[in-house]
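Listed after this line are the structures, all set down as structure tokens.
Each of the next two complexes has chain A plus one other chain: chain B in the first, chain C in the second.
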Partner chain A sequence: MNARRLLPHYAMVLPFALLFAAFFLYPIISGFYYSFHEWNAATEPRFIGLANYEAVLQSRDFARAMTNLCIYIVITVPLGIAVALALALLVDSFTGFWANFFRSAFFLPVVLPAFLAATIWRWMYAPNFGLVNMILGWFGVPSINFLNDTGTMLYALIAVDVWVSAGFNMVILLAGLKNIPQDLYEAARLDGASRLQQVRYVTIPMLAPVLFFVVTYGFISALQVFDVPWLLTGSSFTAYGGRRSALMFPVMDMMGRAFGAVRFGEATAYGFILTFVIILFTALMFGFRAWRTPK
Partner chain B sequence: MSAANRAIVAELYTWRFLKWVVAICVAIVAVFPIWWMVNVVFADPGVPVSINPRLYPTSLGSGLSKIQTILTETAYLRAYFVTIAYALLTILGMLLIGSMAAFEFALFDFPGKRILFGLVMLSLMVPTVVTIIPTYLLVADLGWLNTMQGLVVPGLASAFGLFLLVQFMRTLPREMIEAARLDGASHFKIYWYIALPLSRNAMVTLAILTFMKTWGNFAWPLIVAPKPEIYTVGQVVGLFNAPFSHQTVDVVMTANLLAVLPPLLFFLIFQRKIVEGIAMSGSKG
Partner chain C sequence: MISSMCRALMAATATLIGTGAVSAQELQYWVYSDFAQGDALKLQQEFIAEFEAANPGVKIVISGRGDDDLTSGQIAGAASGTLPDVFMNGLNVGAQLVEVGALANIYPEWMAMPQEFRDQFDADAVKSCSPKPETMYCIPYTGFGEIMYRNLTVLEAAGIDTATPPATWEEWLQQMKKVKESGKSAIPDQTQVFNSVASMFAVAGDKAQWGIDFDRKQTLIQPEAATRALQTFIDMKPLQSGTSRNDQGTKDLFITNQLAFHVVGPWVNPSYEQAAKESGLKYDYVLVPGGKAGDHGGVKSYEFVGVAPGKNREIAWKFAAYITEKKQMARWAKLLSRYNANAAAMQDPEVSALPLIVKSVEAVKQAMDVTPPYFVGTVPNCYRSIMTDTASAVADGEYDAAEGAKELIAELNDCLAK
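Showing the complex of A and B:
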């Protein structure tokens, strides 16, 4: 009787549960298994212990990718969120038609698929006729090959990234701004707080939970950056990362090891190392939040 | 009016003025690359981009003929159909499977529910980097490389989609479900005729977000469907833009423009839903 009553419930959950098990749980387990084996998909996997992890951690590409990643993250996350917050405050200060207009305009880059943002910007950055160089040319700056000069490549990527993600974060922050009660600003104004002080002492503390989400999410997606640098450098599985690997990032390296070098064991180990970094980071963020939140 | 007051008024006016300048400048930076792409496509042929910076469109006819050339002389149209099929099948499958599961998780209790739901929510924390290669290997084992099911099926059990739908279905009126049950409606009928229509809002939001995500998905088709017959728009655009593709700027930009069109139209039509959907996923996090 009881089983017959429960059966319809399980039947409804079953399709999701099966697909979830097959395409999420199983890959994690099999990936963990592969990460301890040497395997090129043609021969039998051979157990080699932690050698894959060692190979990844000691490789020069890994060091290069991690260095690039650190610089990239340290700049792009704070900068992107500062820009997004400024845009959100800016849009919030308009009302009616213009608020909608500017919000839509600032959001437009988010609508583009990331692969397109990358390809358009590749042309904008092109030497000589690219728009960026043309504008610089008006001011007498000689043409810069942004995507082939190791000194500018990373910053060119960061600019694209901020251009793409600012609108996304802005929308989330705007929703948070709308939830701040107006009388808090009123009170601050009566106490003689300037506009900047209002932002510092009212807006930011009240936005803290939303900012926390945006920062955490921003970090997690920045750690996995792939499409944009891949396309900006015109990469393929056998040659990626751009000139002198200046735009080499961990996920690109992982994909190259899997589909270029056909070392699946090493690539899955790479995935677990990255996941470890991401989880460690997320835990730190949550710990930080728990510590900052008054009890 | 005292001097202090005048200073405040002056500050107010500079702030108002400055705010407009900044807003307009940022809007130009945000929109211009897309505008520039349109201009490159709809420009008279013959004048190199280096001489004419393409600040406005000059020729409708030449743009249309470029679009026609691309659609008829390259595999672009096929990629278009592949991507549309990929997006539609993903949306339909995800909505069906996700809403069935969400219906149970949100409204009923049964043994094992908490563990299962907890597991799915935990998976939201696991980044794609760790699953993408083993999932590819599984798809290869199944013989699904270069097939539509290989593109679609692994993405159907979306934890994010389930989360969104469960959040919404929790607010459905339980009395209606009880009443239907007393009237003798079967479990599936309650889901199909009551829960689904009432959840239309959340389903539409999820469908739109999924469309944008699938259309823009680059990495998964790149590894799972490397054959020209099943290239998605993302891959074709990548090829057009590759360093040695031997295509001129205006041809490449036409390919790019065609790829932007569907998400852009979606955005213009469903703007509010998209913005709400993103804002919602942020505030619940």
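Showing the complex of A and C:
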């Protein structure tokens, strides 16, 4: 009787469950299986134990990709959120036309296709006549080869990524700002709090849940960085990461192993290592949040 | 009323099913995206229409894809049984496609063709498709040999006589130094792209050593030739623009008379030709100088047409043979003014009158293959990155040329061993 009563509910969930199983669960399970096999997608897989994981972890490119990723995350995530918060506070201080104008203007890079954003920045970063070098030239700074000088490449990428992601984070933070009761600010003002103190003691604590989401999402996105560095360096499956692999990241390396070197087993192992890192990181974030939340 | 509508619907369905029963044998034909747009697409569609007319019941569906999409689609197609029937790709990924079973061995079909057909093709290009006896994985199709574009305004301003192109690396280097002294950039950064590193190896190294022994898992490059090639990157370091040869910025520098030399394939010529018409760019193209007079550097490679194994193989081969045949390739060459692997088409009077093709034919004869041997083993990605990284490291002063050569060979062998 109970089962019959629940049948319509299961029936309604079934289409999603089937699609989820076919396009999500099955690839994950089969990928996990192939990560222990030598497999080129066409021949019979051959079991090799943990050799794929060893090959990935011991490779020069993995070490480079992870080093680049660490530096990238440490700078991009806090910087991106700081910029987004500043933009959100700026937009929040406007009303009417200007609020809409700035919100749209700052959100524009988010809706721009990645290839277009990368193309625009490639032009802006061009040595000698690119916009950035032109402006630097006005101040007597010699031309910088942003996308080919290994000392500047990573920072050039970070600037693009902050530009792209700030608008998205700004909209989320702005929604959080709108939910902060105005009487808290009023009380703070009556207590003599300056604007900065209001941000420090009212805005940021009240935004904590939204900031947690933005930070977690920012970390997860940063761990999967792929399209912008791929496009900025004009990468392909056989050559990627730019000059001296200064913009090589794990997802790029994984794609190269799969479609450039036809080592799908190794690529899936790479994917699981990366997934493990992302899960670990997300768990740490949630653990930290639980620890900080008053019981 | 309802029953008459039902009858009409059933009749329509029956007609559709009936049509399906005698429907065309459909061939999927994948090409590079630039073959599927503008005039190139129109000509491809003409070839298709002619073939369909001559083979009733056959329908060809052309689909243009970017380089990476083409390769990943063919690899995934081989794994899932959804390979296109006829497709293009580059020789440099041939081994990967053989490894996943995407390419049929067309040797029997090739040998069944009249000698006259087989003799049309460039012998070296055919050899590239045939890694061992009684094996042939492709028909060579379009291709390139690198040429050197010269900005005559920049060279003249530097006091260089442009009537005679530099014959050797030494002469070329002296000209580059003069250009730099005149305040312009001489050449793009040749360390950034694998092909431009290869190009310099062809100039100053040893063309016979550029390759891999897949049986022994060792590079063929020897220290002396590598030292000479790496020294060129040190010599060029103060003279270069900082952009790679493939950057739009490089073309812009050349067009705006800020860059003297650009060593690359014929595909940039339309941009320079347009700039010559619109902004008065004065340029020409010559063969890339070699280590000694009479020899020439630069690299060459081909795109090929492959046929998938499977039930459509016979008609797919027929179509592949049709589009690569002299008549079609001559039309192709005339339309785009571009070299291709059909040597007979290159000798067509209308084709051989085109200056870019004449220079390309000469260039291909002397140029070095980019990643030989083809269809034998997959060149690991680390092989390419070690090559460009070492060239950069030497140019940046981390090693001298001899140390760099030693390091390069050790790392390449290590990469191949893995």
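Please note the rule applied: the second predicted complex is superposed on the first by the 280 of 295 C-alpha atoms of A that agree within 3 Å, B and C clash if a C-alpha of one lies under 4 Å from a C-alpha of the other, contacts with A are read in each partner's own complex, and residues count from 1 in each chain.
Rule of thumb we're sticking to: a contact is a pair of C-beta atoms (placed from the backbone, for glycine too) under 8 Å apart; a residue touches a chain by one contact, two chains touch by 3 or more.
Since the structure is predicted, the reported quantities are computational estimates derived from the model, not experimental observations.
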Item checked: Superposition on chain A - do chain B and chain C clash or fit -> clash
Next item on the list: Could you say whether A:W123 touches chain B, chain C, both of them, or neither, answering first, second, both or neither?
Entry: both
Next item on the list: Return first, second, both or neither, reflecting whether A:A269 touches chain B, chain C, both chains, or no partner chain.
Entry: neither
Next item on the list: Quick one: name whichever of chain B and chain C touches more residues of chain A.
Entry: B
Next item on the list: Figure out whether A:M252 sits in contact with chain B (first) or chain C (second), or with both, or with neither.
Entry: neither
Next item on the list: Determine, under the contact definition given at the top, whether A:G234 touches first (chain B), second (chain C), both, or neither.
Entry: both
Next item on the list: Using the touch definition from the top, say if A:R244 reaches chain B (first), chain C (second), both or neither.
Entry: second
Next item on the list: Please indicate which partner A:P8 is in contact with in the superposed arrangement: first for chain B, second for chain C, both, or neither.
Entry: first
Next item on the list: Please work out whether A:A41 is in contact with chain B alone, chain C alone, both, or neither, and reply first, second, both or neither.
Entry: both
Next item on the list: State whether A:A84 touches chain B only (first), chain C only (second), both chains, or neither.
Entry: neither
Notebook entry, point to check: Among 63-71, 225-233 or 405-413, which stretch of chain C shows C-alpha clashes with chain B in the combined arrangement?
Noted result: 63-71
Notebook entry, point to check: Residue overlap on chain A between the chain B contact set and the chain C contact set?
Noted result: 41, 122-123, 128-129, 234, 259
Next item on the list: Could you pull out which chain A residues touch chain C in their complex?
Entry: 40-43, 55, 59-61, 122-123, 126-130, 143, 145, 148-150, 234, 236-241, 243-245, 256-257, 259-262
Checklist line | Residue ranges of chain B in contact with chain A within the complex | finding: 15, 19, 22-23, 26-27, 29-34, 36-37, 48-50, 53, 96-98, 100-101, 103-105, 108, 110-111, 116, 119-120, 123, 125-138, 140, 153-157, 159, 162, 186-188, 191, 212, 215-216, 218-219, 223, 234, 237-238, 240-243, 249, 252-253, 256, 259-260, 263-264, 266-267, 271, 274-275, 278-280, 282-283, 285
Next item on the list: Under the touch definition given earlier, write down the residues of chain C that touch chain A in their complex.
Entry: 67-68, 71-72, 75-76, 78-79, 92-93, 96, 99-102, 189, 191-194, 241-244, 246-249, 252-253, 256, 258, 378-382, 384-385, 388-389, 392-393, 418
Item checked: Touching residues on chain A, where the partner in the complex is chain B -> 6, 8-10, 12-13, 15-17, 19-20, 22-28, 30-31, 34, 41, 87, 90-91, 93-94, 98, 102-109, 111-116, 119-124, 128-129, 131, 134, 163, 167-168, 171-172, 174-176, 179, 195, 210, 213-214, 216-217, 220, 223-224, 226-227, 230-231, 234, 250-251, 254-255, 258-259, 264, 267-268, 271-272, 274-275, 278-279, 282
